[in-house]
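First subunit A sits with subunit B, and in the next complex the same chain sits with subunit C.
Now for the complex of A and B:
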């Protein structure tokens, strides 16, 4: 553990900028929104900013990405494929632990299975991650229910914890350690370890006061979903409120579904595109021959929550596919973000009346 | 590259978004949580606007028809071609069709080009049917042409009534606001024959038979009187013609309304009481491609006035525009009945003001909308069209006879192939411009990417055309045009780009009295009086309804849905929304007609069985889609023209597209 003074922070960022493209939270001046964004102007980085409305997913898994370009030559009947170089060193500074956990979930999907996704890998390979402890939760947070915060435990190169004036720094990798040494950061004494623990404990215990938007009793819901005893009426009630916009998937730090399209360009080339997709769309599960295992909207909705809390992510990754960031609750036109769905499931278990 | 703040350009909600720009390409979109209206939400269309902006189907240079194809030409050649042909034509032989997706500046200039240079008063928008009626009804009733309240206030209302259409599909984020209000305790009722998602989200859904919403609203007004739920003080203080209205209302017989609508007296009483008990009550109805008819809008306004809900904060009657700048286009006077700022074309003083301002003589003859121009007579010889939405394609044979068709567009379009001259134009992120959403919020969209090489914005092309026709407009930027608008349109008096750049929009009126915009003008002026809107005898008559006829026992209604929105000319250029569209279309390659479960089982129809829909003078074959969402006796065809609604509807019923209250009597036959 080391100390990084407030004054040293710009040096750290500067140092990283020499090698990496810098991403981090910034404020949009007019709307006040916090955006996790590429920062051509490093002074825009604001580590005290609230949790950004967008997760950093787009950096590794863009909304819309050209992954291949080819040209078919009818004369020679040959196809010429252009190799795209997606490799670009990037540093993500000020990542909140929920978003870091989301990124690790994406790693498991794209990299840790039989098939390794080379495009994701290209973005992931030269990544430097600086996480930032939430010393106080934000209104929409429930990472304590999903074991993903308020402080990071793994996956970072450097982890920062703001102590009121300076930052406690933990190196999580050789790259991180090297940077700490290069910057000549002062080593922190053992008491500082306790200080970090104290800060995290305080943050956890302040959820009852600050994080009032959402409650998600994930474990009960996971249990219920895994055993499969949820009345169809509950899903129908939820399905009726779904506007089928796909936003829950798009804003989710762990959602990894995508669509592939070949678009013909005016130049005569064809561009192969990967775009975000969502299980809330009817076309997503549609198969040849007019079959659709999940045609009604309520079936598509429950697919999402089975995926998040039961078979796909929870059973395979041994953690819920939800990181407690609360974004889906805010972005949902139908007000059926994951915390509300968990509440409806829980009400069914406890037999509470209400919606 | 970073995210840039902007405004979605699909529907009239005007949600805030962030566009991700890489190089000169828009590569992603994200909702803007700080936006006062959309508060971090987007609908399925808004979430894919970057896919539309990627499209390679651009028009990238001026084109002139050469036999059956087009040859690329320079701007100068194209300008010369138009000038040579148009300068010989009298204004009455020219019609101008604007686009409700174009910015205020572009539409203002198009109107000026039509009136001041082409000397024509034949100018209108596509997809405008309901908006003009709505503005006229509200002007008559309260002297105010648009939403009387604001969207930000609707969460405070304790009674919300949604009439017609399906807001969850047309303006999903406004529907979401309504849904949130309902979840927080607001009473929510929907009146629509179809069981829409809006209806499913409501506490009370009244399902009058197609074409009878007007009677139901009259019935509700009559019940209010019978229940003695009228505040006489309010009526005598705030309204000028309540006696006449109440007198006429006496002739409304509830029994007949129950019979016509299929809604019981108890249901009407229940809803009327809820309305009366509420402190703040809002009504919403869609305008644009799909809307209510005039009499129904009038009846809705009158009902709310009778209940004492007009001119109160948090209450009011709110038209919801289906297309991004539909309201703004009217503000700019792109209409045969309004001059800029809603001055009536019958107002001589307004004409003189305009002549002074534009420094040219204007003709006063009364213009027609383009649809009427094309369906009546042979007068029209030339047509100017901006970004057409495939709607007037039903006049295709008439259009082919025209001597000159000038098309201004960013994207390739089946309509463009009919043109003699095509001018490319910038897309909405390639040039600055303001757009006015349903709640009168004027928002500035900044230029975020460069247009394809050589492509000029519409305002420049129009300025060039004006110049070539002898008028020096002297605009150097879009901002020049806005400062002209602010001098001419009272509601826009103190709007400037500088102000708009620092804010997420300003609601008009924006003038010296309202430098930060206005939430609800009607509550500000204690002396303001309201009128019950006249519905003429012809409109009122129950007997005037197209009776359900023996030979044509079904009422056929058309509507819209998420992915088939706007005849798909826009959605076709995306990937995910297009896939969703195809998912349904592939199941019904020849289109479908929805029929109720009851009728299907009575007639012994199977899902996807091919049926023949026969109207008086045409017929069509479609697959039956059995649905629990429509009433027995009703048939429903979703609205997406090219693929779904063939010649049958093109020829048959221009009116079907105008409002959902219109239906076509048909019969259904099995195909053996």
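Now for the complex of A and C:
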């Protein structure tokens, strides 16, 4: 463990900027909302800012991305397919532990299954991650219910914990260790380990005071979702509130469904685009010939929560697919963010009635 | 690291259409060879697998492979049903397509060696079963009775008439056909394929069934097979879903806990029933 003074923080960021494109939390100039974004102006980085409106998944899995380009000339029957070089070193600074956990879920899903997703891998290869402990939860947070916070345990190159004035720094990789040494950071005494633990404990115990918007004790809901013993009426109630806007998928750190379309360009080339998609859209499972196996909206809603919480999906992520960031609850125009859905399912189990 | 040439995972390989055959109305077979010799050489499939086919400037779609892994010309049989398949139907011999794959699990021939096999197909449901039929007839001595029960709306809508004639010339291949309504000159059965299945004297013990066709037909046929005493784990089908990637990432083909592109497309009826979602 090392100490990074407040004054040294810009040096660390500067140093990373020499090699990496820098992303981090900043305030949107118009709305004031905290967003996780590219930082052309490094001074805009705000590590004390609230949990960003968006998760960082777009950095590895962009909203839309050209995954290949081709030119086909029907007259000469010539095809030229161009593979794109997506490799660009990127540093994510100030990642909250929920978002880091979400990123690790995406890693396991895109890289550890039957096939490796080459496009995700290209983004992932040269990444530097600096996580940031949440010394106090935000109103929407429930990471203590999903075992993904308030502090990071794995997956970072450097981990920062704000102690009131300075930061305690832990290196989680060789790259991180090398940077710590390059910056000549002062080694912290063994006592500071206890200090970090104390800060995290205080954060956990303050959830009851500050994180009041959401609760989601997911384990029993997980059981029910896996076994399928949930009454159709519960899904109908949930389905009736779904606007099919897809916002929950787009702000979710672990949602990764995509669509692929070929777009013909004015240049005569065709761009193969991969774009975000959502299982809430009616066209998601629709096949040519108009057969749609998942037509009613409640079938589609049911699918999303199955994907987040069932055992079979958890096997792919090695944990539940929900990381407790509370973003779906904030953006849902109905009232069916994941915490509420868990509540509806639990209510059915315990037989409680009423709203 | 030497990359495996097959399956072709992300970047399509260019193939040339060498021949096109009209099968039935709106359905054509496209015979193709892969342009790079090393890929053409390495491109081996298992019966029951599928590919992602690019029609340049139109898009990509998932399509089952109707040819046998051995001694059979590479082709796909496609109904004109959407934007991309309509563009494919415009193509001529010499035109190019893109190929990714083969993907999916395929039929379990090792496990069913020695069994009787009943194929039940409805309409273009014969397409994904063709590969298996050709393979089984190429290894005829490994199996017991082999029976095809095939139904379509009309005699004009029966697929692969030429292949069927060849198969019928093989010894020990029983065929039964039915069409929905009577037609002049039709000497086969009339009625739905599930009714024909019910009427036939089919083997039950040491028997597997392969069923493929539209959902209504599928469920009705399964019911008849079960009534006859064929077990759910001995009834196989191959499922079809909207797919974008073929490698288990886009999630469009998810049915409950399974992904059709990597866990399927071949499932036993017992598996299908416990997927956790309607098919």
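Definition applied: the second predicted complex is superposed on the first by the 344 of 355 C-alpha atoms of A that agree within 3 Å, B and C clash if a C-alpha of one lies under 4 Å from a C-alpha of the other, contacts with A are read in each partner's own complex, and residues count from 1 in each chain.
Throughout what follows, a residue touches a chain if its C-beta (ideal position, glycine included) is under 8 Å from a C-beta of that chain, and two chains touch if they have at least 3 such contacts.
Everything numeric in this text was worked out from a predicted model, so none of it was measured.
In the three-chain model built by superposing on subunit A, subunit B and subunit C fit together without any clash.
By the touch criterion defined above, A:81 lies against subunit C but remains apart from subunit B after alignment on the C-alpha atoms of chain A.
After overlaying the two complexes on the shared chain, residue contacts for A:264 are found with subunit B and with subunit C alike.
Look at A:286: by the touch rule set out above, it reaches both subunit B and subunit C. In the superposed pair of complexes, A:37 makes contact with subunit B only, with no contact to subunit C. Contacts of A:241 after superposition: subunit B is touched, whereas subunit C is not reached. In the superposition on chain A, contact of A:70 is made with subunit C only, not with subunit B.
Touch criterion met: A:277 reaches subunit B and subunit C at once.
Once the two complexes are overlaid on the shared chain, A:332 sits against subunit B while remaining clear of subunit C.
Using the contact criterion defined above for the overlaid structures, shared-chain residue A:117 touches subunit C, although it does not reach subunit B. Taking Cα centres throughout, subunit A sits at the apex of an angle toward subunit B and subunit C that amounts to 80 degrees, reported as a multiple of 10. Closest CA pair between subunit B and subunit C after superposition: 8 Å apart. Touched by subunit B in one complex and by subunit C in the other are residues 259, 261, 264, 277, 286 of subunit A. By the touch criterion given at the top, residues 9-12, 14, 16, 54, 56-61, 79, 81-85, 94-96, 98, 215, 240-242, 244-245, 247-252, 254-257, 262, 276-279 of subunit C touch subunit A in their complex. Taken in their complex, subunit A has these residues touching subunit B: 28, 30-33, 35, 37-40, 53-54, 58, 62-65, 240-241, 243-247, 250, 259, 261, 263-266, 273, 275, 277, 281-283, 286, 290, 330-335. Considering their complex, residues 1-3, 5, 16, 18, 20, 27-35, 39-44, 46-47, 50-51, 54, 56, 58, 168, 172-173, 175-176, 179-180, 183, 197, 200-201, 501-504, 562, 575-576, 579-580, 582-584, 586-587 of subunit B touch subunit A.
Taken together, the subunit A residues at the contact with subunit C in this complex read 67-68, 70, 72, 74, 77, 79, 81, 83, 109-110, 113-115, 117-119, 228, 256-262, 264, 270, 272, 277, 279, 284-289, 291, 293-294, 299, 303, 306-307, 310, 312-313.
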